[in-house]
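Heads up, there are several structures right after this.
Look for chain A in each of the two complexes below; its partner is chain B in the first and chain C in the second.
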Partner chain A sequence: MTTTLEHATTMAQPKGGGLARHQNFATAIVAGVVLAWVGWFLGRHLFWNGSDNWSDQVTILTLLGWMLGFWIGIGAFNAPFQWLLGRDNTRADNLYYAGDKQGRMRYWKFTTDHKVVGVQYIIVTMGLLAVGGILAMAIRTELITPGTHFVNQQVYNSFIAIHGMVMILALIVAVAGPWGNFVMPIMIGARDMAFPRLNALSLWTLVSAATVLVGTLAVGGLPVGWVVLGTIANQAGPGMDFFAVAIVIFTVSTTVASVNLITTVITMRTRGMTLDRLPIFVWGTIITAALALYAFPFFFVAEANQIFDRTASTSFYVAAGGGTSWLQANLFWLMGHPEVYVILIPAVAALFEISSTMARKPVFSYRTAVGAMVVLAGLSAVVWAHHMFTAGWAPSLSGPFMVTTELISIPTGIFFLVLVGTLWRGNVWMKLPTVWMFGFIFNFIVGGVTGIYLSDVPLDEQLHGTMFVTAHFHYIFVGSVLFGAIAALAYWFPKVSGRYLNEFLGRLSFWLVFSGVQLTFGAMFLSGLKGMPRRDASYSFAFEHTNFISTIGAYMIMSGMLVLLGAVITSWRSGEPSGPNPWRANTLEWQVPTPPPLENFDVLPVITEDPYHFDETTVNA
Partner chain B sequence: MSIDSPSRDQTHSPGDGPHDSPEKVDGRERLGVWLFIGADVVTVGALLFTYLYLRAVDTAGHWMNMWGYQGSLHTYQYWANAAANGTLKNPTLIHVGTVSAGLQWLVAAITVLSALLLWVGEKGLRANKNAKSFSATAVVAALLPVVGIIFTAVLLKDLPQIFVSINDSNTMSYTTYDSAMMALLSSTIFHLVILTFLGLGLSIRAARGVVSGDRWYQVRLVRMFWVWVALSSVVATLITTTITSTH
Partner chain C sequence: METSAKKSLRSFYWTWVILTAVGVGLSLWLPRRYMPAAMSNDAHLTMTTMILFSICAAPVASGVYAGALHVLRHHRYRGDGVPPPAPQIRESTKLLTSWITASAILTVFVLVWGLGALAAENGSSSSNPLVVNVTGQQWVWTFSYPGTHVVSDELYLPENREVEFRVTSLDVTHGFWLVNMGVQVDANPDVITTIHTTPDKLGVFEVRCEQFCGLNHAFMDAVGYVVTPQKFSSWLSAQPARA
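Coming up: the complex of A and B.
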């Protein structure tokens, strides 16, 4: 009897979704593997195997087959082809695509609801951090004492390359992915993103790019470092094909995501949500998106050129044919420095939000803070050659690039002042997000000040290529961005799960990671100052003690991250219930129920003032 | 954040049909198209940067010259055998010429023509509300890029390959000029394929009545992108046909 009843209910609902009813992550993988095989088969037969490009041609075609199959299998092409044929989605279709009444299955599908995409981004970020983190542990374990231990130099270099690029991907999406998608549309009073299907596309494209990138390890690695300098990368094995294809796909993901984020903020704000009433995190998101839109096409072209070199005998980076690594270095760093702020700005903007709520005070000099983010994004486009001071590319430009790089310290200094100014004389609520924010403030000073050292050309000539540089950018990426990302996780976790992130485990994790960062990268500064080169599996006894300390510190970071993972899993299942607005914040995401319903608002709110007017100056928790 | 009572048009319950007016959706989509165009400007810009950079550095004089043997993949085995037998003569300095400027301009002209055609079609659709005649215009606009693709493929095919034998390593190679041209021409083909898809879509949709005299917004969206592609093909062709020599 039950069956008949269920049948009746199904019949009563509008039937939407069409083909998408049969598509999910599993069909994506199957279709990806099938078309990868087709690509491999065709490649082996179409291309002439006497050519020295043959294996690269086959590899590239295989990977393009994977990507195409994955897109078809997940359902990314349904809508474009329906459009072509003039059969647009019905309302029922759109509800199905949004994940309506699909329970947990919607997390495994091409689901358009921005909150589902946000959660998917959390999972993908954690997966990428896990892969990058395991490689980091392998690297630090190899470096625990002088001499080579369990990996040779080639494998070590592969670990460096994949650790580097996987972590870059992880941090690019760590804040803007989960929170730019989950909370940002609610913050501006929208029912979804401007282009919900592009939102799902950006997520699943990232997944297919990440699998290709990690797949590098299965085909002999990529022993050329994460910047894949053109001429050297040209001589690398099939891992380089994987890397190049992963970047090309990844660029599609970031471009689509950026277009969507910007359009959403510009066109989907609810009535009264004027630009000067925007929560500052929203500003951070669109400034980042604009920067990503500008920066990543350079990476796309850099790696497309590499693919041409490897498959079609061109000479972009082939020295014998007149090609030059400087071309690759320029294209790479035209992307590379802006990318650092694509990573940094969302974390900082989230901390502005958190600092205001936790101190019950408006964001200190809101307009200056927004201006500083804009200036930072703008400046980042004109500093790229500071990565090439010692490369001999354009010595006469070193002076100008030193000046532009030093100017960076003005907007970043403003970030610091805004955070401190917001907290100043506030009755700061010391909860988990606040704790991680204080960690950020400390580490950001260390990472920032050492950056000014490196911008100085004479000093850079000494420190370039040493562990000092590695320590500097890890203070930024791990010490600052990761701390900001975890603060954001702790802050918005209750909105996603309805539960607090466990305070005790979260603080235990904080102290492990915070002390670990000081040991690992503090000691690494000393290794670098003494002259220890980067990218080397082995080193002189002169660097013995500092490296040992770095490795111990790295194990502490890993333990801390495992504790955090434990906190996320246990809190998600059985954490202390938080209610809809545990921090008593004023931004809109906290005014809707938890979890927010499909399409967020029954009635769109009308905004009459900015979100930083707090009725009380303390929270008695 | 204080919230006023909502106005009537902002109430909504899930499942009650489309949320926003076509005008609102159109405004959103127009901004989206502009942003995609922005990303494409950087991409094409990076390709032209590659072209101009390689020309400016002209490493070892390899912009249009290369020591080797002109041939193609078909002659590869012949040269490779000669290299193996030690009967390969000394390499000669091969000078490759520019690819046909006429053909490049022809492709650009076809792209511009198709853009104008679509634009005229759009104006007609908005003025006369005749979806059938727009459908016909759009299909012609969509087929013109196919012609462009064919000519671009001819240009690609004509890029001269050079057999290079250095220290027992044999390979086919291209000069940096031909390398940069290969990337630009591939980008042209990619763009023209997209135009064909979009043009066909508009034509089918107009024939089915989804695009009509009252619902012409998508035509404008496609036209915006189309005009950008036409513009970029003119700019790229202008650069690659006038700035060719190293001095």
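Coming up: the complex of A and C.
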């Protein structure tokens, strides 16, 4: 790739693109609004307004207009257009698209440099966490005492659905987005991703999908639960169209990103970077990407069917028309369970990396760790119906799905062995990433063990649909994945900003969030055991005390996250400078200057051993 | 050096044992303290399974916690600057095989128990179950007793006789959950799903919707009573025919 680029510089350089050089987030919004209006106008006049589906048809066309306009406005199609016009990109064009010499403005543009995309993913993740977090606080505030007082049931029901889906999106991209893009290509010794433009495309399609998802709140919300079971979805207003379109575009975004990550690792590794020398985080990223490629098309189909049901009176999910909402449930969980591991594996893989560096020891049982991730990804494809044990759908499959689900505890157990085994007899450096890693170990045990109860069909027939389930997966998502994501942030923050994440604020945040998680979700387990259903806007006095504790804990989590946000902002601007390799790690991203230059390496490195050997030279490097 | 390492290992084992004991104590206490009063054969099985799984989980969780605590106490670097390299241990076949074997044995045990319990739940089909038709709609439950004209919004069940619930919905998907009986199944429009249970304790129990079903989902519940067979027949005959 480099040779072609250098070759191109010697060719004639046509001066390029006046308008195309002024495109950014603002022009994207303007173009999006314009085309959304065009879609709305066309829809109102093209479709027959006597039909039941008219408002859905108009909504869908408006949203597609918004998406298309947004992509055109950000400049997603510039390069293909140029190519269609018979003019290939020059070296100057490519440097321009990579954000060369554009300062901070490049973060607001369709920039192809993987490091810019990585930072953009950090910002998108933080934005999604903020929206989902505010909704979580609203939910917990409503639940502080029995009865309805703060938001009405309709609003509450919308909040739980949007909170759920926004947080799922946030966590899917929380580790693989920022670090799969920012550090992974440097880790394997590449100058960029295999498809830099697709990289920018995956980011900006995600942004456009996220705007529509959050926009649901502006059109009456989505008062049908985040799983949007086929039968109840029919009762939802335009919010359901927003949701379906957002998901369809989101699945496109993840597919594009996954293809890019996998191709990059397969084709762009530097000389000597054999598969058994790959940093384990890279393994985690591509296993996740492969799993996402398998899982998210189901979600695409699930929501595309929904769109057809609503706009064209197909009846995929309508029993009266020969459909079944079990089809929706199956498609949803065919995505939904692998998605849990799409969320989890990158966080675990990042922690393997961190544990090795911080303990000054190699990753314990590297090959077994990789194997466990592969097995986990494979198993997760065949466990989906454990979400449907009580659906009444195929009771004869309860046994087989119980077997596949409980087998998951074996690879998950290996994760603990690898983490604790790496730390064991190490010289463990208690810095911020290490602190959050210990929080992960504590919470992941709680989340993991309670998963075993739920995989047991007879127990699930009591616990399903209760707060016990909610507490279980929040221990996984908040207690484990978010802790892993913050550990990864603290670990790679110096590479992005050249500064340490503030140790004091980071630890304060840790203790607030850690205690908050124990209070919130610990008490939630008790609510669930006692028999409090999920997704309820109100509850009986029997659950009063545990819910009060959960709400107090939730406020602690929120304050901890605000402290963390403060730490990120202040450290980014004026934190203690860290130098290029503050943790004295051996992986390649720490061997390049900070911030890494465009195209990362002057001369591509040649690899002779894996990055997990620590000796005296690594200390003094 | 060698003796101090041995000593620290001994403290690891002790931590493990103590944490396990705490875990077993919690397993015996928490479910009985917090779970709803068990009023059917399935609910008793649920309670036993809950306690048993918690006891199995105690040594595993405690082992990991004891390991993490051990690292925090004995392997934390307390000096300034970058810690020196640690022993470069990459594998331990012995540890790996014993860990995988132990977790496999536990998994198989949990599976065998779970499959057995599942078979027990499905297998107990008496020849003469009481059939109750359950209909969910936004946001009420209705119960009818085939062979009679009784339609009720309260659920009466006789003690010690197996009940077969045939569950359906008139609108969206609901979740039919007998809180004290430890069984639940979705109510779907145009489909009948069934569950069985045998109430074995007199008293009042709760019926709730556990599948999100719209505006008043939180308030979709009903009251149930387990009564003696004599009381049950007199209740049935006392009901006005509404159907």
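Side notes on the structure shown:
Please note the rule applied: the second predicted complex is superposed on the first by the 594 of 621 C-alpha atoms of A that agree within 3 Å, B and C clash if a C-alpha of one lies under 4 Å from a C-alpha of the other, contacts with A are read in each partner's own complex, and residues count from 1 in each chain.
Everything below uses one rule, namely that a residue touches a chain if its C-beta (ideal position, glycine included) is under 8 Å from a C-beta of that chain, and two chains touch if they have at least 3 such contacts.
Just so it is clear, the model here is predicted, and its values are computed rather than measured.
Touch criterion not met for A:19: it reaches neither chain B nor chain C.
By the document's definition of touching, neither partner reaches A:275: not chain B, not chain C. In the superposed pair of complexes, A:391 makes contact with chain C only, with no contact to chain B.
In the superposed model, A:614 lies in contact with chain C only, and not with chain B.
Legend: residue contacts after superposition of the two complexes on their common chain; A:319 is shown touching both chain B and chain C. Under the contact criterion defined above, the residues of chain A that touch both chain B in one complex and chain C in the other are 319-320, 324, 326, 613. The touching residues of chain A, counted against chain B in their complex, run 48, 50-52, 80, 83-86, 88, 91, 95, 191, 194-195, 198, 255, 258-260, 262-263, 266-268, 270-272, 277, 293-294, 296-298, 300-302, 304-305, 308-309, 312-316, 318-324, 326-327, 330-331, 334, 586-588, 591, 597-599, 601-611, 613. The residues of chain B lying in touch with chain A in their complex are 1-7, 10-15, 17-19, 24, 27-28, 31-32, 35-36, 38-40, 42-43, 45-47, 49-50, 53-54, 57-63, 66, 73, 76-77, 80, 161, 164, 166, 170-176, 178-180, 182-183, 186, 197, 200-201, 204-205, 207-208, 210-211.
Taken in their complex, chain C has these residues touching chain A: 30-31, 34-36, 42-43, 45-46, 49-50, 53, 57, 60-61, 64-65, 67-68, 70-72, 75-77, 82-92, 95-96, 99-100, 103-104, 106-107, 110-111, 113-115, 117-118, 121-122, 167, 169, 171-173, 175, 177, 179, 182-186, 188-191, 193-194, 206, 208-219.
Per the touch definition, chain A reaches chain C in the complex via residues 153-154, 157, 223-225, 227, 229-232, 234-235, 319-320, 324-326, 359-362, 364-366, 368, 390-392, 395, 398-399, 402-403, 406-407, 409-410, 413-414, 416-417, 420-421, 423-430, 438, 441-442, 445-446, 449, 452-453, 455-459, 461-462, 464-466, 526, 529-531, 533-539, 584, 612-616, 618-619.
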